[in-house]
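Remarks on the structure that follows.
We just call them A, B, C and D in the order they show up, numbering each chain from 1.
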Amino acid sequence: MQPSDQVFVLLKHWLVGRSPAVMQPGVSILLTIVPILLIFPVLFAVTTVLERKGLGRIQNRYGPNRVGPYGILQPLADGLKSLTKEDIVPSSADRTVHFLAPLVLLAVAFLPYAVLPMGRNMVAVNLDSGVLFFFAIGAISELSVFMAGWSSRNKYSLLGAMRAVAQMISYEVPLLLSSIAVIMAAGSLSTVEIVEKQSGFSGIFPHWYVLTPWGFAGFILFMIAATAETNRSPFDLPEGESEIIAGYYIEYSGFKFALFFLGEYLGMFAISGLGITLFLGGWSAPLPFLTWVPSWIWFFGKLLGLIIGFIWVRGTLPRLRMDQLMNFAWKFMLPMALVVVVSAGAWRFLPQGVTRWLVSMVFIAAAYVLLARGVETRNKIAKRTYRFAE
Amino acid sequence: MTQALPSEAEQDQVMEISMGPQHPSTHGVFRMDIRLDGERVLRLKPVIGYLHRNHEKIAEAASYLAAIPYTDRLDYLCSMTNNWGYALAVEKLAGLTVPERAEYIRVIVSELTRLQNHASVVGFLLQDMGASGTPLMYAFREREKVMDLFESLSGARMMCNYMRFGGVRVDCSAEWLSQAAKVVAGFNGFLDEFERLLTGNEILMARTQGVGVLPRELAINAGVTGPGLRASGVNYDLRKVDSYGVYGRFEFRVPLGEHGDVYDRYMMRVLEMRESLRILEQALRDIPSGPFMDPKARLRGLRPKVGEAYARIESPKGELGFYLISDGSPNPYRYRVRPPSLINLTVLEDMCLGQSIADVVVILGSIDIVLGEVDR
Amino acid sequence: MTLEEIRSRLEAFVPGCHAEIVVNGSPSAQNSLLIDRQHGLQAAMYLRDHPELQLDFCSNVTAVDWPDREKAEKIKTKRIVDGVEKEVEETKKTTIPGYLEVVYHLFSIAKKEGPVVLRMHTANRTDEVTLQSLTPVWRSAEFQEREAFDLFGIVFEGHPDLRRILMWEGFTDHPMRKDYVPPPDDDLEILAVSEPGA
Amino acid sequence: MLGEGIVKGLAETARNFLGSFIEKDRLVTVQYPEERLPVVEAARMFPFLIYDGVDQEEGLRCVACQICEKECPPQCIHIEKSKDKKPDFIGKQQFYPAVFDIDVSVCMSCQICVEVCPFDAIRMDNEFELSTDDRFAGLLWPKEKLAMPNEHYLAIHPTEATEVEARRAEEKAQAEAKKASQPAAVAK
């Protein structure tokens, strides 16, 4: 094991060792929490620039490039701006709830990081039921969204909140089901153990679950559900700026708005982190000869990759409609996730070799073809040809 | 037209919402008073007039020439076609003729206008659908090239003020024509890119197909014109029907829709852009040399004989008409614009009833309004 | 069908309808048909549904304000002068009462023909400004008739939703009339200055 | 197949993303204060008054005929005619504007004044960086601010200006020829 791989772990142990014995538990906790509280907001800042510049390039623009070299200090300017802005609370709003909503969101957004292994031996708490904890905490964010929407006393924000709650609850089902496949395969709810199960290699191929047919399908389903769960385009209906303006945070301004923003992005990182943990082998290297690269670099590299994916999708797709979104969740995602679960079970009991690959693949492909046709006929979408008058 | 009032139990669930005039996707200061049941539209009343400046009264107080710059500001995306509509009306009223070359220049700039208008309208439509601006930015990238052409021809990018009754203001150089040919040649590639990005997209199809259906009979009766009418399957393009200018000489087809929904209206615009490119290729090839102004036309102090004239053209938004009454004085006695944007709005409620609020913005985007023209 | 044929058919088939051709002197030569105000709706129905005309598309609806004019003309009158009836020629100034006029430009999409221009007059400009609405015949007139009501003050009978459209509710005048006097410019500024302080 | 169009669209945006780094044609933004597009010859902003020679008052071509004032669509020109007269470029006695103001906050850059001017006295400038912190006096331009030398006109609209120059030179020559022939006629 390279020391570079464990540099943060060793640093923590050294610092804890230097402190007086009475304070050691406290220091240990502090040294676990504070980096999480620092790293992810910084990542948020980086992501905002990345997103704006990336979207800009996708749209053939430069993106922000005025503050600092190449515009990298843009988040600083944004932060300053939102700090100095007036904090407006509507006169008819429920002031307490209106104030609490962003705080609740933020508090909830940080908690899931406790169970994410960000590198070898780098996890805040190794819970035996880590995945369960993650989903349980994730569900609270719906509460804060509804608090914000309800307390603002604005029709648009109420509409946004209703949409958000319906959407988040619906998409939690496929999200959970697609992770169940992984949990079945790994035989554990502990995030650390799931990663360790994936960190071996056969030949040059890693044992990542995404490299199995059911894992691949599960990963796609997981990411779609994650997009919906974090209200990102094309599932950004709760804040659909062209329909209900900004949805549940229409009445937030200044720093509270920034906190909402931060909370959203933290949620996105956390759920991407879980996706990496479940399907992409967590901190493990993709190729056997790359294991010398520190594990935490792999984790954050993969995280960055998924963030770029989110940005890319956002730059391409228009938004769905509410009923289509719900139909998609219950009539496509849910059956598909169930198929993935069944196929993961079959994978476990079938003997290793070509047969189980074939069985699993055919099973998932057939389900996809059937369900996709269902989606197309239900929404009556079809390519059209047109006639012309001379 | 009148919706049955909801019962008392239902009334608790009904929400009145005022969309606009400050709303990101009402395309300006347009307002809709909407009654919603959940997200389903029960009633929708358009409220306009926030940009009303009494264009007609201003033009009645000004001379025939001084009204031209004001027509630029009707539909500020298509100042060239607005100019043409007005110039055509004055030409009819005063019996002026237009030289060949000017007619060709008019066709060229109008079709360029159609290209940039349709491209940006499709971009705006996708923006209303929540596409983070990507299609809009691609459209604007191409629109920029057309606007550069307009600038080097007329001196302004949007408020061209280019056409005059009896011709056009300045001649175009051979260099300009070759530049225009270059833009036209490059536009097909952009359309291909646009269609690869959008036309087959399942989300776009799901959002637009079967949404905002406008039946053929209603479309005709409600005076809907332009791509909206043709999307409902009515073959009525003034470039073919009236063959004003020299449109009779060009070979082009009129695309027709079948379903009359938002997707058809979107596709009409894409297909019309392709046909416009064909017209442009022919016009740029065939443009004759010669004068660009009728030598008999007097710009200043025009006093047409007592009488009236109604002229209409196929502007990118629909049928743009100008109705002028002259009493023999240097300014029109009555000056009336038939704004396609306003009249296409008549059926907004019919198209939106029973749809969700997310569809309302998409339907509105597919009608293609410009508030400068709606409110005048 | 020529305008004259349309006129005679209208008078024949719409009972009581009186139509008159208004000649347009300009080079555009778009003559129009003046219909009496009691039979506008019936005439419009006839024009729309007649299989040879099929004027299914009402493109433009607008109003024109013709204020009261003074006209000087020489007329011969019989008058008793000194007990003898004589024919006297004298100049008489008559006030031609003004009226509001609505103009409809009709086209046929089915036959690709047009325009047929329809006109109707109100009785005067002050109290009898009612005309039949043609919105039941052509929906496209809905907003345009509202506009004529708003800007000219013509009341359309049978219009489903006759409200002001461009000016705000509570505005009293009709700005497109020729005798409209706009409020002085500085009114707006006075409003803007006085409101926050007061 | 469901998802095909979405994948195609993703490929298209990726192509544009990469293209914006490679092709100049895709990244069309001009970084304004540092980069500038060349101003086209036809460009028009606000009007200016042309004067010949060096002295503003002497050489002003405007004869205060007030046609532009009448024709101006937004009515942003205010002219007061002088009481006395001064000779113009061909020596004819003409009025001159005692006051010539343009309210550029009202002007809509339509160029109608240029078109109707029979004396080639008013033309459109292409200067567009005109922000000011005084929105009343700073945007009401008097004659002194509007007057620009003929060289400026020649510099910004060369094609049109040379035509005008040639025409004016011809007119002047004709006038001088006339003047030269007139004494002869008198002598005859």
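In this text, a contact is a pair of C-beta atoms (placed from the backbone, for glycine too) under 8 Å apart; a residue touches a chain by one contact, two chains touch by 3 or more.
Bear in mind the structure is a predicted one, so any value in this text is a computation, not a measurement.
Asker: Would you identify the chain whose Cα-based centre sits farthest away from the centre of chain B?
Answerer: Result for the farthest chain: A.
Asker: Point out which chain occupies the most central position, where each centre is the mean of Cα atoms.
Answerer: B
Asker: More contacting C-beta pairs: A-D or B-D?
Answerer: Taking the two pairs in turn, the one with more contacts turns out to be B-D.
Asker: Counting in whole Å, what is the centre-to-centre distance of chain A and chain C, each centre being its mean C-alpha position?
Answerer: Those two chain centres are 65 Å apart.
Asker: Report, in whole Å, the distance between the mean C-alpha point of chain B and the mean C-alpha point of chain D.
Answerer: Between these chains, centre-to-centre, one finds 31 Å.
Asker: Could you grab the centroid distance between chain A and chain D? Build each centroid from C-alpha atoms only and quote it in angstrom.
Answerer: Centre separation, chain A to chain D: 58 Å.
Asker: Could you work out how far the Cα centre of chain B sits from that of chain C, in whole Å?
Answerer: So the centroids are 28 Å from each other.
Asker: Give the residues of chain C that touch two or more other chains, as numbers and ranges in rising order.
Answerer: Answer for chain C, listing residues that touch two or more other chains: there are none.
Asker: Which positions in chain D are in touch with at least two other chains?
Answerer: 2-3, 6, 9, 12-13, 16, 26, 28
Asker: Going by the contact rule already set, what residues in chain B reach two or more other chains?
Answerer: 134, 138, 141, 197, 200-205
Asker: Once the touch criterion is applied, which pairs of chains come out as touching?
Answerer: A-B, A-D, B-C, B-D
Asker: Looking at the complex, which residues from chain D come into contact with chain A?
Answerer: 1-3, 6, 9-10, 12-14, 16-17, 19-21, 26-29, 31
Asker: Provide the residue numbers of chain A that touch chain B in the complex, in ascending order.
Answerer: 55, 58-61, 155-156, 159, 233-234, 236-237, 240-245, 314-324, 376, 379-384, 386-390
Asker: Once bound in the complex, which stretches of chain C touch chain B?
Answerer: It is residues 24-28, 30, 56-60, 62, 64, 103, 105, 109, 112, 115, 117, 138-144, 151, 160-161, 164-168, 175-176, 180 of chain C that touch chain B.
Asker: Once bound in the complex, which stretches of chain B touch chain C?
Answerer: Residues 1-2, 48-49, 52, 54, 56-57, 92-95, 218, 220-225, 234, 236, 241, 304-312, 319, 321, 323, 325-326, 333-334, 336, 338, 342-343, 345-347, 375-376 of chain B touch chain C in their complex.
Asker: Contact residues on chain B for chain A in the complex?
Answerer: Listed in rising order, the residues of chain B that touch chain A are 15, 17, 23-25, 39, 126-134, 137-138, 141, 197, 200-207, 209-210, 235, 237, 240, 253-259, 263-264, 267, 271, 356-361.
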